[in-house]
Amino acid sequence: MIGELLTPAGLVAVVPLLAAIALGFVRSQAIGAWINIAAAAVAFGLACALPWHLGAAPLLLVDRLATHLAILTSFVGLTSAWFSRRYIQIEADAGRMLPLGVRQYHVLFQAFLGFMLLALLSNNLGVTWVAMEAATIAAVLVVGLPRTDQAVEASWKMFVLCGVGIALALFGTIVLYLAALPAMGSGWAAMSWSELAPKAAGFKAPLLNLAFVFLLVGYGTKAALAPLHAWMPDAHAEGPTPVSAVLSGSILNVALAVLLRVRGLMAGNAEALSPGLPMMGLGLLSLLLAAFSLWPRRDVKRFFAFSSVEQSGIAAFAFGIGGPAAMFAGMLHLTLHTLTKAAIFHCVGRASQMKGGQKFLHITGLIGSHRALGLTLAAGMVAVSGLPPFGLFSSEFLIVLATIRQVPWLAIPLGLGLVVSAWALMRRLITLCLGAPTSSPGPAPEVLDLLPAWLHLALVLVLGLAMPGFVLSWFRALAGGL
Amino acid sequence: MIALLLPALAVVVTLLLALGLASVAAGPGRQGRLASRGSLLLCALGGLLAVVQLLSGAEASSLSLGIGLPGLPLHLALDGLSAAFMLLLMLTGAAAAAAALDDHGQYDSTAPFFPVFLGGMALTLLAADGFALVLGFEVMSLASFALVLTNHRDAEVRAAALLYIGMAGLGAMCLIPCMALLAVGADFTFAAMRTHPPEGWRALAVLVLVLVGAGSKAGLAPLHVWLPPAHAAAPGHVSALMSGAMTKIALYVLIRVLFDLCGPAQPMGWGAPLVLLGALGAVLGGLRANMEGDVKTVLASSTVEHIGLIAIGLGFALAARAADLPGLATLAFGGALLHALAHGMFKALLFLAAGATQHAAGTRRLDRLGGLIHGMPKTTALVLVGAAGLAALPPSAGFAGEWTLFQAVLAAPRLGGLGWQVLACVAAALMALAAALAASAAVRLIGVAYLGRPRTPRAAAATDPGQPMLAALAGLAGASLLVGLFPGAALRLLGPAVQQAVGTGVVGHVGWLTISPQADTAGYTAPALAVVLGLAGGLVYFIVRRWTVSGERRGPAWDCGFGDPPNWLPFGDPVTQYGGASFAQPLRRALATSLMQARETVDMPLPGETRPAHMKVRLRDPADQYLFALIGSWRSRVSHFADFMQFLTIRSTLAVMFCALLILMAAVAALEQL
Amino acid sequence: MGGHLAFGTFSYDAAHLLGGGVLVLSFVLLYQRRLTAVINTYALQAVVLSAAAAWQAWVQDAPHLYLTAGITLAAKGIAIPLGMHRIVRQLQVNRSLESALGIFPSMAIGVGLVTLSILVVLPVTPQAQTLTREELALALSVVLMGLLMMITRRTAMTQVLGFMSLENGLILAAVSVAGMPLVVELSVAVLVLLAFAVFGVFFFRIRDRFDSLHLDNLDRVGGMHR
Amino acid sequence: MSVVVALLAQLLHIGLMLLAAPLVVGLIRKVKARLLGRIGPPILQPWRDLARLARKQPVLAENASWVFSGAPAVAFTATLAAAALVPSFALGMTGAPLADLLVIAGLLTLARCALGLAGMDVGTAFGGIGSSREMMFAVFAEPALLLVIFTLSLLAGSTNLDAIAGALHDGALGLRVSLGLGLIAMLAIAIAENGRIPVDNPATHLELTMVHEAMVLEYSGRHLALIEAAAMLKLVVWLGLIACIFVPFAIAPAGAPATAWGLGLLGWVGKIGLLLLGLAGFETAIAKMRVFRVPEFLGIAVLFALLAVVFLFVSQGFA
C-alpha cells in the first residue's frame, strides 16, 4: 500500500510534502523560493502524466475528476509559486515579513499544496478527510502569517469555522460508512470511493441522507457555500496574496469534488433523496449573497474573495442541476474560474504592493499609471464577470441553457445574481483601472510578474471559445463520468 | 458569386476584429489612424457586399465556423433582414470612421475598440445561432463601453459608462435565457428555432425577455435612461455609431426574435406592448430633447423618440401579421425600416457634427454656444440638412419615414376591435405630439447653438472641422437627402427584409418614386413634391427679382428699440438672447411640469442689488425616478443585509451554520416521515 | 457483527450506559459556570469516553480501539485539561463565564437537540443493529451539544472546550461503529494534535494582542475595514 | 386633353390663391373695423402694404446670417406649395395626387420652422420669445390636426385631400357627428396656426403679447413682404382646407368640364366669405387669452378630435 506513494499519482502528492519538509531546513530566501517553484513544477509535470495512468488502487484513486482537478491545482500552485517568488521578496525587503516568516511561508505553501493534491487523489474517505484537515491547518497558519490583528482574527475565524465544518464532515463520513456497511461489509472497502460507487444502490438510504447532510455542511464550509462562507473573505483579505490565489481555486475545487463524489453515491441509490435540490439552493444562496455583498466592499482582496464565493456558488448550482450538460458546464466554469481568479489575484497582489494598500481608494487609474498591469487586471475582471470573449461567458451561457431546460424558474434568481455581480465588478473595474492614478511608492511590476496572469487569461480565452478537440473529449468524458 | 457574399462578409467581420488587435500592436500614437483607416476601408467593402446581397434578391445563405462554444460550431447566415441592417451599419460605420480620422489624437487611447465595436455589431447581424447572436451583442456592448470611457478622467463619463454597462449586462442576462427558451433541446441554431416556435408561457417569457434585453439596448422606454448620458459621454464618432447603428442592431435583434424566430403564429396582442412602450418613449424622448441643455443629450433624447416611433411601427406590423392583414403589415414594417434607415443617416450626421462642434467651441452646453454659423458655415449647413430630418420636414428623409409610419397607424383600425382602434388613434396623436416636439427641439438646437450671437469667446472663434469630418458629414447628408427624395427606391432596396419579416413584399405599395398606403390610392411622391417646391421657389425668386428692389443695408438689431449692448461685453449682450432653458420655458410650463416634474426656482435680486439673478430648473425623467432610483435603493438594502450576514461575530456565524445544519436535518427527517 | 448482539444485552446496556454518561456530561458542561469546572467536566467526559471506547474494543474484540481509548484518556483526559488549567492560571481568566444564553434556555435547547437527533436517527435505521443505532443517536446529540456550547459561550476557552466535546461525540460515533478501519485512530490523533497545537498557537497570539480571550474583541477589529 | 385641363385648373388655382390672399386679409380687417364702428382701411390696403414693403430696401442686423435672409423665401415657398395643393374651385388638378394632408401639414411645419429659426438668428430676446411660443403652439396643434386627419382618412379611406373632398362631395358619407366635432377642432387649430385672436393678435404692437409678430420683429423690406404674404396665404390655405373638407358643396368634381369651374369659383368665394365673416365676428367678440392658456384651448381641440375618432369607432361606419 505504501508502494502506491511511488506511483506518479502518489508522487504528485508526496513531492510537495517532501519539499515542505526540506524547505524547513533552507535558510536562504532565494533558494527557498526556487525550491518552492521547482517542487510545484515537478508536481505539475507529474499531474500532467496522470491521464495516462487512470485507475484505482486501495490508497489512491486516479479517475478523471481527480486527475483534472489535480492538474488544475498543481498548475495554479506552480504559477502562484512563481508569482510568490517576487511577491515574498518584496514583502521581506519592505520588512513586512521576517526571514522566519518567509521560511514558514514556503513550508506551509508546499504542505498546503501537497495535502490538497492528496485529498484529491486519495481513494479513501478517511484519507481524503485527513488530508483536507491538514491542508486546512496549513492554510490557517499561512493566513495568520502576516501577524496583524486582522490576520490573526481572520485565521482564527477560518480555523473555528473550518474546524467545526471538518468535524461535521467526519461525522458524515462515519455515517456514510455505516450506511455502506450492509452493502460492503465492514473493512477497508467500505471507505473507498472506487468500491463504494458501483454498490451505492445497496446502501441504507436513510443513513445515506443523514450522511449527505453532514458532508454537505462540512465540505460546504470548505467550498465556501453561503451561509457557511464567512471565513473565506477574511482569509483572502488578510492572508498573503499568492495564497489567496491558490486558496480561491483549490480548496473550493477539492471540497466541491468531494461533494460531487457523494452526490454520485446519492444518485446511484434509488431510495435516497435527490441531492440536487440542496446543492442548487446553497449555490443560489451563495451567488445572490455574494453578488450583493460585492457592492459595499472597500477592500480589493475581500471583494474578489466574495466573487470567488459567487463563482463557487454558480458551480455548485450547476452540479446540483445534474445531467451531462450541466456537469460539463459546471466543470468548465470551475476550471475557468480557478484560472481567472488566480490571474486576478496576481494582478491585485502586485498592485496593492505597489500602491501600498489594498483598499479601493488606494488603487485607482492603474491603466493610466501602469498600462500592462491595468489592462491585465481589466481583462481578468471582464472575464470573471462573464463577458465575452472570455471563457466564463461560454460556461455561463451553457449553465443558463441547462437551467432553462431543466429548472426554468430558477433562471430568474440565477440571472439576477449574475447581473448584480457583473455590474459590481464593472463598477470596480472602472475605479481600479480608470480615472486619475494614485501615487505608487512600491516597485512597479515587471513582465515576469504578469506572465502567469497572461498565461491564465490566454487559457481562459482558448478554452472558452476555441476548445481543442482532445480537451473537449476529456471534458465530455469527465462530465459523463460524474 | 452571390454564394461568396456571406464568406466575404464573415472575412470582413474577422478583419474588423483582427484590426483591433493589430492597432493595439501598432501602439499608442499610431493605433488611432490605423484603426480608423482600416475601419473605413472595411466598412466601405461591407456596405458594398450588403448592397449586392440586397439587389441580388437576397436569398439566404449560411455558414458554420469551427470556433464557438466547446463542441458547438458558430453558425452565420446572411438574408434580407441582416443585409438591410448591414447596409445601415456599414454606411454609418464608414462615416464615423472617416470622421475619426479628424480626431486630433484625442480618441487614440481607445481607438482599437472602434473596429471591434463595428465587428461585434456585424457579427450580431450575421449570427445564425443563439450563441453567436449574444456573443456579437456583448462584444458590441463591451467595445462601446470601452469607447464611452475614452475621457475616463471625467467622473460624469465614468458614471455614464457604469450605468451603460449595467444595462448591457441586464441585456445579456435577458437574451441568453431568451435564446435558451427558443432553443430546441440543445440545438440553438435559428434554423431549429424556426421549426419549433415557442408556445404558452415560454412564448410570453420570450417576448418579455427580448423586450427587456434588446429593448433596453435600443433605448425603448422606460429602459432608455442609460442612453442620453452614455451618448453624451462618448466621443462624437462613437455616439454617432451608437445612436445611428447600435440602437438599430438592437432593433434587429428584436425583429429577428419576434418576427422571424417566434414564427407568424403568435397572437395579435404581441404588438401592443411595442406600441405602448414606443408611444411612451416617443413623447418622453421628444420632451426631453426640448428640455436638455447639452447638445449631445438633446440628440440622444431625440434618438429615444425616434426609436419609439419605429417601435410603434413594428408593433402594428406584428399585430397586422397576426391578424393576416399583409398590406398593413408591409406598410408598418416598411415604414419602421425606412425610418430606421433615415434616422441612422441623419442622427449619425448630427452626432458627428456635435462632436465637431464640441471640438471647435470647447463645450457641448447650449448656453455656452451660439453664432456658430458664422465660424462654421459648412458644418451649420450640413447640420440644417440633418435637423430637417430630425424635424421630419418634407422632403427630408425623416418625413418620408414618418409619413409611412403615420399611414400605417391611420390604417391600423382595420385590425378591428375597439381596443386596437383606440390604441391606434392614441398612438397617432402621441406620434404627432412627438413629431411636433422633435420639430421644436430641432429649432431650439439650431437656433440656440448655431444661430444668434456667440455666448463665449471660444464659440466666437470656432471654425469648420477638417476635410475628413466634412466629407463624412457631407456623405451622410447626401445619403439622407437621397433617402428623402427617393424613399420608394430605398424601401424597394430594403424590400427583401420586409418580405422576410412579414411574408409579403413591398412591391404592391411601393413604386420607385411613390409610396402608397394601398396599392390603388394616391401616396407620397417625394420627387414630385421636390419639383413642386422647386417650381414655387422659382416663382418666388422671379417675383422677388421682378418686383422688389435688390440689395440690403446692415444696421444694429432693432430689437424693439432696445439700446445697444454695453460695450464692455465683447460679443454684444449674449445673455439677453434666448438660451436653451429660456426657449424650453413654454413647453416646460405646459408639459414638463406634469410629465417630468419640472420645478423652477427663481432668485431675483431686489432693485439696486448688484448680484446676478439666478434661475434653477430641476427636471427628472420619470423612468429614472420611478424605476432606476427604486431599483438602486432596493439593491443597497439587500447589500446591507448581506453585509450584516458577513460581519457577524464568529459565534453568530457558527450559530448560522448550526441553524443550517439543523434545518437540513429536520428537512431530511420530515421527508423521510412522508 | 451478529456476534456482538449474541453477546447479550449486558454489553448493550453497558455501552449504552457509557454513551449516555458522555451525553449527560455534555449537559453538565453546558451547566457549568466557572472555567475550571468546565475543564474538569470535560476531562471527566473524556475519561468516560475512553471507557466507552475500551468497552467497545472488548465487545467487538477490536484491539485497535484500546489504542483509541488510551489516546483519548491520555490526551483529552489528562494532558489537555492540565494545559488548560495552566493557561487559566497564566491569564487569570477564571471569572464566571458570561454566557450569551442563560443556563436554563441552553439546557432546554440541549434537550431539544437530543430529541431531534433521536428523531433523525431512530427511524433512519430500523434494521441496523440496535447498539449502533442507540450509540449513533447519543453521539449525534453530543456533537450538537458541543456545537451549542460553542455558540452560547463567549470566551475562546469555552469555545475550544465545546469544540473538543464535539469531537468526543465524533469519537463516540466512530468507536461504536463496528469494524471501522484504522483511519479512525489516525483521524482522532490528528484531531487532538491539531486542536492542541493550533489552540496553543492561537492563545499566545491572541494573548499578546488582546487583554482577554473575548472573541468579541477580535470581532470588533473585523468590522472596521470591509 | 384632360391633362391640359388639369394643368390649367392648377395654374388658375395658384393665381387665384395669390390674388385672393391679401384681399381676404383686407376683408377681415374691414369687417372687424365695421363691427367696431370704425370705417377701417380699404380692402386693398394689404396689397398696398406689400407693394410698399417690396419697394423698400431691407435693413439686416449686423450678425444676421443667410438663414435670416433665406427664411422668408423658404416660408413663402412652402406656404405657396401648400396653397397649390389645397383645391379651391375644382378637384382633380394636376397637383391632386400630391395633395396629401400629411404633406400639406408638413409643408406648413416647414414654413413655421424656417421662421422659427429666423427669429433666433439675430439673437434678440423678442425673436426667441416668438419662436419658442410659436413652436409650443404647434406642439399642441399637431395632435389635434392629426386626429382630424385620422377621422377623415377613416371616412374616405385615404389621407389624400382630393380623394377626401371627392368622397365628401359625393355626399355618400352623409352628415356625421364626427365631422361636426372635427370641424370644431379644425377651427380651433386654424385660429392657433394663423395666430388669430384669441391665441395671438396679428395687429398688436405690444411686444409682450406678440408671438408671430415678435418672431419676425427684425424683418423689413422685401423679406417682411414675403413673410406677410406667406401669412396671408396661410390664412387662405386654412380657410380653403376647412371649406373643401367640411363644406364640400359646389366644387367642380374631378374631370368635370371647365364650365363647372364658374360655379365652383362662386361656391368657393361664398364659403370663404362666410368663414371670414365668422372669423371677424369671433375675433371682435372675444379677447386675447394669456399665452399659457393656449395649451388648454388647443387641448380642448385635441379632445374634440379624439371624440370624433372614437365616435367613428363606435358607429363602425368607416371605409
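Each chain carries a letter (A, B, C and D) given by its place in the written order, and its residues are counted from 1.
Going forward, a contact is a pair of C-beta atoms (placed from the backbone, for glycine too) under 8 Å apart; a residue touches a chain by one contact, two chains touch by 3 or more.
These numbers were taken from a predicted model, which means no experiment stands behind them.
Chemist: Which chains make contact with subunit A and with subunit B at once?
Modeler: C
Chemist: Which chain lies at the heart of the structure, taking centres as C-alpha averages?
Modeler: Central chain: B.
Chemist: Can you give the whole-Å distance between the Cα centres of subunit A and subunit D?
Modeler: 78
Chemist: So what's the Cα centroid distance for subunit A and subunit C, whole Å?
Modeler: That gives a centre separation of 31 Å.
Chemist: Starting from the mean Cα coordinates of subunit C and subunit D, work out the distance between those two points in Å.
Modeler: Computed value for the inter-centroid distance: 98 Å.
Chemist: Centroid from C-alpha atoms only, then distance subunit B to subunit D, rounded to Å. What do you get?
Modeler: Whole-Å distance between the two chain centres: 35.
Chemist: Specify, in ascending order, the residues of subunit C that touch 2 or more different other chains.
Modeler: Subunit C, residues with two or more chain partners: 120, 123-124, 147, 150, 159, 218-219, 222, 226.
Chemist: Note the residues in subunit B that touch 2 or more other chains, in rising order.
Modeler: Within subunit B, residues 643, 646, 650, 654, 661, 665, 668, 672 contact more than one other chain.
Chemist: State which pairs of chains touch, listing all of them.
Modeler: Once each pair is checked, the touching ones are A-B, A-C, B-C, B-D.
Chemist: State the interface residues of subunit C toward subunit B in the complex, per the touch definition above.
Modeler: The contact residues of subunit C facing subunit B are 100, 113, 116-117, 119-120, 123-124, 144, 147-148, 150-151, 154, 159, 215-216, 218-219, 222-223, 226.
Chemist: Can you check the complex and tell me which residues of subunit B touch subunit C?
Modeler: Listed in rising order, the residues are 643, 646-647, 649-651, 654-655, 658, 661-662, 665-666, 668-669, 672-673.
Chemist: Which of the residues in subunit A end up touching subunit B in this complex?
Modeler: Answer in residue numbers: 156-157, 160-161, 164-165, 168, 206, 209-210, 213-214, 216-217, 221, 226-228, 230, 233, 273, 278, 289-290, 292-293, 295-296, 325, 328, 332, 382, 385, 387-389, 393-394, 396-398, 400-401, 403-405, 408, 411, 415, 418-420, 422-423, 426-427, 430-431, 434-436, 463-467, 472, 475-476.
Chemist: List the residues on subunit C that touch subunit A in their complex, please.
Modeler: The contact residues of subunit C facing subunit A are 1, 120-121, 123-125, 128, 132, 136, 139-140, 143, 147, 150, 159, 163, 166-167, 169-170, 173-174, 177-181, 183-184, 186-187, 190-191, 194-195, 198, 201-202, 205-206, 209, 218-219, 221-222, 225-226.
Chemist: In the complex, go through subunit B and note every residue touching subunit D.
Modeler: The touching residues are 370-371, 373-374, 384, 391-394, 399, 403, 406-407, 410-411, 413, 418, 421-422, 425, 428-433, 435-437, 439-440, 442-444, 446-448, 451-453, 517, 521-525, 528-529, 532-533, 536-537, 539-541, 544, 547-549, 551-560, 562, 572, 574, 576-578, 582-587, 589-591.
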